[in-house]
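Input: a single structure, listed below in C-alpha cells.
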Amino acid sequence: MKLITAIIQPHKLEDVLQELDKNEIHLRTVSDVIGCGRQKGRTEVYRGRKETGGCLKKVRLEIAVNEDFVQPTIKAIMAAAKTGNIGDGKIFITDLVECIRIRTGEKGQEAIG
Amino acid sequence: MINSGDTAWILMSTALVMLMTAPGLAFFYGGLVRRKNVLATMMQSFFVLCLISIQWILWGYSLSFGPDKGHFIGSLAWIGLKGVTMAPNPDYSSTIPHLLFMVYQMMFAVITPGLITGAFAERMKFSAYAIFTIFWATLVYDPVCHWVWGAGGWLRNLGALDFAGGTVVHVSSGMSALVCALYLGKRRGYGREPMPPHNLPLTILGASLLWFGWFGFNAGSALGSNELAVWAFIATNTAAAAAGLTWMFIEWKATGKPTILGGATGAVAGLVAVTPAAGFVSPLSAILIGIAVAFVCYTAVAVVKLKLAYDDSLDAFGVHGIGGTLGALLTGLLAQKLINPAGNNGLFFGNPKQFGIQAIGVVATIAYSVTVTFILLKIIDAIVGMRVPDEEEVIGLDITQHEESAYTLLD
Amino acid sequence: MINSGDTAWVLISTALVMLMTIPGLAFFYGGLVRRKNVLSTIMQSFFVLCLISIQWILWGYSLSFGPDIGHFIGNLSWAGLRNVGLAPNPDYAATIPHQLFMVYQMMFAVITPGLITGAFAERIKFSTYIVFTLLWATLIYDPVCHWVWGTGGWLKNLGVMDFAGGIVVHITSGVSALVCALVIGKRRGYGREPMSPHNLTLTVLGAGLLWFGWFGFNAGSALSANGVAVSAFIATNTAAAAAALTWMFIEWKLVSKPTMLGGATGAVAGLATITPASGFVSPFAAIIIGIMAAVICYIAVAVIKLKFTYDDSLDAFGVHGVGGTIGAFATGLFAQKLINPAGANGLFFGNPSQLMVQSIGIAATVIYSVSVTFVILKVLDLVMGLRVSDEEEVIGLDITQHEESAYTLLD
Amino acid sequence: MKLIIAIVQPHKLEDVLQELEKAEIHLKTVTNVLGCGRQKGRTEVYRGRKETGGLLKKVRLEIAVNDQFVKPAIEAIIRGAKTGNIGDGKIFIQNLDECIRIRTEEKGHEAIG
C-alpha cells in the first residue's frame, strides 16, 4: 500500500478529481496549503504595493492506494494537473504500513478505497 | 427656536458619524491587517469610541467649544457639560438643542484619533495606545477644533473655511499618523515578507459604511435639514464616486488591473478631500476634487511611501493627511458664495485671499499637530514603551494584547 | 416651500438607498459566489455606485426627469444639472429641494444595473461590464424611468402606478438579467460541479442591510415624512416578513429543512414585490403580496430555473424580475384610494381598469428591456467579448480581473 | 516509530482527542480537510438546487508515536470515532524514519510525545 501526496494548483483540483473518478479512485483527502518551489509567487498588487515571493496557495491531495493503483493514480493526476507551466506541483509517494477502516475495523488491502 | 426637522436630521447624522468609527473604520482597517491582528485593530476603533465619548463630556467639549481663551482654546467653564442645555446656542446652531450639537461634535472627536490607528497598526502596545489617545485628543484635537470651529478661535476669525473637518479631522490626524509611523518604525519584516490584507470583504464592508456614514459627517455639518445639507450631500457622493473611478483607472494604466481595494481607497480619499469643501462647492467642482485627490493620494500611497520606505501601514497619512490637506487647499480655489452665503469665494471665483487663508490654516495645523504628537510619543515611550516586543509582534496582537483570536480553525 | 422634516427624511432615505447597493447588494451577492470570485462580485456593485453617480449628474437625470420629448424620454436641457436648483420642483416634490429629489433618484439609478450582476456573476469580463452598465443605464433605465415617473411620460399619463420602482427598477433589471444569463451562457461546470455559496454569513449581512435600506427605498418614495411614508414603511416590513416565513415553510415542507439562505431570499423577494405597491396597499394586502411573492419566486428559482437549466447564477431574474412583475400586477389588485388618495383603486376595490393599465406597463417594459438588452449584448460580444476565457474562469475572476484575492490562508 | 494519519468526522474530533488523552498520547496535529471515499457526499440545498457529490468536511489528525503506542493509539481513535455508519473515516500508518525535537535537538524515541 502506498500513500500518494500530490501538491497541485488549486484551479486544477476539479479536473484532477474528475480524472481520478474516471479511474475508479475514490478515496481522497483535500486540504488548503501554501507553498512554493521554483515558481516564485504570483504578483498581487495592494494599493500599488506589489506582493511577490510569498508562498502560493496550493491544494494538497492525499490518496491511499493498493500497489496496482499507484501508476493509474499518478497518470490521472499528471493528465489533469499538468499544464507545462512552472508551478504545476509535485507528487510524493510513501509506503503505507497499515490502513484501517474505522467503521468496521477492517485492515490492509480491503480497507483501502 | 428648535426646529423638529433640523433636530431629526442632526440626531440621525450623529448616529451616522458614530457608525463611521465602529464598525466603519474598524472593519476598513481590520480587513487590511494580518489575521493575527484583526481584533487588536478593531479594538483600537472600538476603544476610542468608548474613551472619547467620556472624555468629551467631562472636558473635551469645553476645551473645544467653551468660552474662548486667547483665541487658542476653550475655557473649562463647560466642564462636565455645566451650562450646556437644551436651549440652542446661536453661536453654533440656532435651531437644534445645544446638547445635540455637543453630541454631534463628539462623534467627530471620536473618529479623529481613530484614523491615526492606521499608521501604527500591528505593532503598538495597547496600554500605550490608550494613553496616547486620551492625551492626543486633549492636546491636539481639542485646541485645533477650537481654532477652526470654536467661537473666538483664531482660524475662524481669520476666515478659514472648513465645512466638515478637513483640517480639524483629517489634516490633524493624518499628519500625526505620519509622525507615529516614523517614530514607531516599520513592522517586523516589512518590505521583506508579504503582508497582504487578510480579508478584503471586511475592508469593503468598512469602506461602504464609511461612505454611508459620511453623509451624516458632511451633510449633517449643515446643522440643519436645509439646502446647504443637500449641496453637501451631493458633493460628498459625487467626489467619492469620481475619486473611486479615477483611482481604478490609474491602476488599470499603471499596474495592469483595476482592484477593489483601489476603488475603496479612492472613494475614501475622495470623501476625505471633499470634507472641508462639501458645503461650499458645486457638484461639478466635486468631480474635480475627486479626480485630483485620486491622483495625488495614489502618488502618495503607491509611489512616495514605497520610495521613502516608511511603514504607514494602512495609509492613514497617505489618504487622510494628504487628502485632507489637498481638500483644504482646493476649498480655497473652488468655494462659491453662490452655494453658501456664509462662506466665501475661492481663488477661481475672484478671491485669491481665501487661498492664502486656507494655506495658513493647513500649515498651522500641520506644524502644531506634528510637534505635539512627537513630544507625546517621546514621553509615553519613555514611561510605558510604544511598541510590543518582537516576539509578541510575531505572535500577533490579538493573542498578546487581548488574549483572544478572531477566527477558529475547526468547527 | 421647503419643509425641514420632509427634507430630513428624504436625506436619510437617500443615504439608506445608497447603503442598499454597497454593502447591501454587494454582500448579498458576494457571499453566494465561490471564494475565488467574491471580490469581483462585490466590485460590480461598488463600481456601479461610482459610475452611475457621475452618469446621473452629467446626463442621466436629464434624460429621466428632464422636460419631455414625445412622452418617451427627457431632453438634455438639465444635463450637468443645469437648471436643477434648490427650489422645489412641484412636478416631483413640492416640499424638498429639487437637487435632493435628484440625488434620491440617483440612488435608484445606481442600484438597478447593480441587480443585474447576479445573472452573469463569476464569468463576465470586467471591461465589458463597465460598458454594458453605462449603455444599459442610458438606453434602458433612463427611458423607462421617464415613461413611468417623468412628467409627460406615456405610462405616467396612462395612470400606471409604481410607488417605488417595481416596474422601473425590478422588472427592467430582472428581465434584462434573464437575457444576460441566456446570452452569456452557463458557468463552466454548471450543473456538474458543486458551486455552493462560499460564505453565507456575508449573504445574510447583505440581506439584512437590504431590508434596512429598503425602508428608505419604499417609505422614502413618499418624498415626505407623512402618512403615506408610514403606510409604505409598514407594508414594506410586513411583506418582507411574510415572504421570508412563507419561503422557509415551503422549504420545510417540500425539501426537508428551512434554510437561512431561503429566509434571506424570501425576504428580498417580498421586498422586491411590495415595492410598486408599498404606498397604495393596506398591511393585510402586504401579507398576501408577501405570500404570493414567496410562492411564485420559489417556483421560479427552484423549479423553473432547474428545468430550463439557464444559469441565472444568483437569481436576479427569479427574485427581481418575477417579484417585480407580481408586485406591479398586485398593485392593480390591492391598491386603495383610502391609503393614498393620489393613487387609484385596484380590481378588488372596484376598479378593474387599473389592472389593465398595470399589465400594459409591465408588458411594455418587459418587451423594451428584453430587446434593447439583447441588442447591447450582441454588439458588445462582437466588439469586446462578454466572457472571460475558460482558463481565467477556472482560476477565478478576483485574480484574473483584479489581481487580488479576498482571503489569506495563513496569518 | 510510526506516523499515524487519521481522517475522522469533524463532530467526533472531541471524542477522539479525549480518548487519546486517556491513552496518554499527547502529540497531535489537527487540520481541516475535505475528502470522500465510499460515502458520496452530503446533500445540501441552496434555493432549491441540490448540491451532491462534493467533498465532505473531515478532520485530519497526525500523530507520531513509538511502536508500542501504535496499538493503543489506533484503539483510542476507533473508540472515539466509530459510529458504525459509513463515513467514519480511515487510519493510515506509515513508517517514520526520524523524529527531532527542535528545541533540544533530541532525536528518535525521546523526541516523540
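Order as written gives the chain letters A, B, C and D; numbering starts at 1 within each chain.
Operating definition for what follows: a contact is a pair of C-beta atoms (placed from the backbone, for glycine too) under 8 Å apart; a residue touches a chain by one contact, two chains touch by 3 or more.
None of the values given here were measured: they were computed from a predicted structure.
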Quiz item: If you tally the C-beta contacts, which comes out ahead, A-C or A-B?
Solution: A-B
Practice problem: Could you put a whole-Å number on the gap between the CA centroids of subunit A and subunit C? | Solution: 44
Quiz item: Rounded to the nearest whole Å, what is the centre-to-centre distance of subunit A and subunit B, using the mean of the C-alpha atoms as each centre?
Solution: 49
Quiz item: Using the average of all C-alpha atoms in each chain as its centre, how far is it in Å between subunit B and subunit C?
Solution: 33
Quiz item: So how far apart, in whole Å, are subunit B and subunit D when each is placed at the average of its C-alpha atoms?
Solution: 50
Quiz prompt | Overlap residues in subunit D, where contacts from two or more other chains coincide | solution = 31-32
Self-check item: Contacts with two or more other chains, residues of subunit C listed in rising order
Solution: 403-405, 410
Quiz item: By residue number and range, which residues of subunit A touch two or more other chains?
Solution: 32, 44-46
Exercise. Counting only chain pairs that touch, give me the topology of the graph as line, ring, star, complete or other.
Key: complete
Quiz item: Can you name the residues of subunit C that touch subunit D in the complex?
Solution: 194-197, 251, 255-257, 259, 261-262, 265, 298, 301-303, 305-306, 315
Quiz prompt | subunit A to subunit C touching residues, read off their complex | solution = 11, 14, 32-34, 42-46, 55, 57
Quiz item: Any idea which subunit B residues touch subunit D in the complex?
Solution: 409-411
Quiz item: Mind pulling up the subunit D residues that touch subunit A in the complex?
Solution: 2, 5-8, 31-38, 55, 58, 60, 74, 77-78, 81-95
Quiz prompt | Complex contacts: residues of subunit D adjacent to subunit C | solution = 44-49, 51-54
